[in-house]
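Letters are used for the chains, namely A, B and C, taken in the order the chains are written, and counting of residues starts over at 1 for each.
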Amino acid sequence: MKIESIIESLLFISGEPMNFKRLVKITSFKEKDIKSSADKLAKRYSEQCNGLRIIIKDTKVQMVTAAENSEFIEKFLKADIEGELSRAALEVLSVVAYRGPIARSEIEEIRGVNCSFTLRHLMIRGLVERINNPKDARAYLYKISFDFLKKLGVEKVEDLPKFEELRKKELLQKVDETESSGNDDSKKENKKVVENN
Amino acid sequence: MKIESIIESLLFISGEPMNFKRLVKITSFKEKDIKSSADKLAKRYSEQCNGLRIIIKDTKVQMVTAAENSEFIEKFLKADIEGELSRAALEVLSVVAYRGPIARSEIEEIRGVNCSFTLRHLMIRGLVERINNPKDARAYLYKISFDFLKKLGVEKVEDLPKFEELRKKELLQKVDETESSGNDDSKKENKKVVENN
Amino acid sequence: MSYIVKASHYQSQEKIFEGPLDLLLELIEKEKLDITEVSLAQVANQFLEYLETTQGISPENLADFLLIGGKLILIKSKVILPMLELEKEEEEDIEELKARLREYQRFKEISKEIKALAVRKEMFFSKQSYSGMRTVFCPPKNVIAFDLKEALENVLNKLPKVENLAKRTIKDVVSMKDKIKYIKESLTRRMEMTFTEAASDTKNKIEVIITFLAILELVRKSTVTIEQNDMFGEIKIKKSS
């Protein structure tokens, strides 16, 4: 049961077909146990008639939505991807257009709000693309897509209205990661209070 | 059962928290049926002890992985360990979690210090979100996010430790205690509580 | 125009103090006391000493600390002089301070439990939206280049502005220590002075409060005695014999 639960979690998070070998590597369970658990899961899912299914093909397994609900899935995706941009999305798009290539953390510093979802939304719609950050192998930089620039009738970002001015406008100083180092500080602070009294 | 299955499919596809209203729009089911189905799903998932959970907050619902499998998910995602939360951040988070939606001034009233920097940090980390204050167009109200519930492994705010107890304001308790000492006084105090909070 | 948030500077100040309620609560808890008028009176001096000895409280924070300091002095006077009749408003002030402290105490406690939940590493993960989906070029229908410019200008206008308050330095405010020294010296010279005189060269309300706190501090150390004949009347300060 535990192994099934772990496979379920991993398939859900991935959303993509997962190789048995990869599941072995992450969980350290034996491949044959993973296979039989995946089979059991697939059987249980289709018997329960819930909204999800497990499909197994060759050496890969994937969690997908039940085919009978596809009408609603399509409706959702269409509205999501073809709909108008939210104000938040337009703002992130503008920052990426004028200030790109730019790291997610910088966009968030400027707007003061987390924007991981909005960036993914803009990417799946092909409005924003990401490149590797030469300074940080684990992070990405975001820039406006060529297709979208073309759609806007602009050849290059420099042709965007007031580009030079808005690109150069000074923003805020980088907020250092004081919060994460907070523990040391608060210890110090405690000590200080004690000493002073 | 069908409605539960459709909600399951949509939650899987979306990944993000989904508004009941949005589910109504896509499925044409009644909002109260969607709500009760979401509740049923959440209960079933939690009882079945499988690899997935449903979390519900305000008018939104999200599908997530079970907390007990987080070790493997982290391995799969190679998730960076986020910086620890400072004492200030934890205190602000607690106030927002138990008293939200809440204005910045009210948080500061409770903690006795300015919280603007900490709030900004929490918003960027996505642990707190803000909404417009219906009573004051220039101000915001802050509430905790789904990411906060996810980080704590708590399915709904009511499951937070001592939720009912902390939800009640200290000053109001005071009024109960002094009720015997005369109505005029307690009325006045009551008024004061409203002003102060 | 440039927008600069001196975040690290501001942060470090906030870090050191976490505000007057935090300090007061720590003092009470250190003595293992409940939140009562007696316990507040008991730690009042420690609180004031902290203000006196700690350098670098920003003017904004100092005002908060002094406000609570003033309330503590009120509480202390009430406990020491039971015959002292307080105004209804002052009584309410004291009740309010106690309630705020209790409230803060509850949150300080619960935040430890929240921390325990946050660090235990058993968390929920959600599926990344659109994972497993292919990018489809789907531009919004009505967005033109001008809208991007507008949106960015809007973002830039909302950036936090420089806090003017932080620019004022602690030097603007006379320290309590200096004031105590000043009063001591003039008392030695003249043996008697009034509160108005003691506060004569103050530039603002904060300094008046500091002067008052300083005098009370001297009373505590039995350096001076004070006398007030009528309510709102002049306070006479005498050097103790």
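Here is the rule we use: a residue touches a chain if its C-beta (ideal position, glycine included) is under 8 Å from a C-beta of that chain, and two chains touch if they have at least 3 such contacts.
None of these values were measured; they are calculated from a predicted model.
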item: Taking each chain's C-alpha mean as its centre, the one farthest from chain C; value: A
item: Most centrally placed chain, judged by C-alpha centres; value: B
item: Chain B and chain C: spacing of chain centres that average the CA atoms, whole Å; value: 29
item: Length of the line joining the C-alpha centres of chain A and chain C, rounded to whole Å; value: 41
item: Length of the line joining the C-alpha centres of chain A and chain B, rounded to whole Å; value: 22
item: Interface hub residues of chain A, defined as touching at least two other chains; value: 9, 12-15, 112, 117, 175, 178, 182, 185-186
item: Residues of chain C touching at least two other chains; value: 7, 11, 15, 17-18, 125, 127-131, 160
item: Contacting residues of chain B [partner chain C, same complex]; value: 12, 14-16, 53, 55, 62-68, 70-71, 73, 77, 84-88, 90-91, 93-95, 97-98, 109-114, 116-118, 120, 146, 149-154, 160-162, 166, 169-171, 174, 189, 192, 196
item: Interfacial residue positions of chain C with respect to chain A in the complex; value: 2-8, 11-12, 15-18, 23, 26-27, 30, 46, 49-50, 53-54, 125, 127-133, 135-156, 158-160
item: Chain C residues within the chain B interface of the complex; value: 7, 10-11, 14-15, 17-22, 60-61, 64, 68, 92, 95-96, 99-100, 102-104, 106-108, 110-115, 117-131, 160
item: Touching residues on chain A, where the partner in the complex is chain B; value: 1, 4-10, 12-15, 26-27, 49-52, 63, 65-66, 68-69, 72-73, 75-77, 79-80, 108-109, 112-114, 116-117, 138, 175, 177-183, 185-186
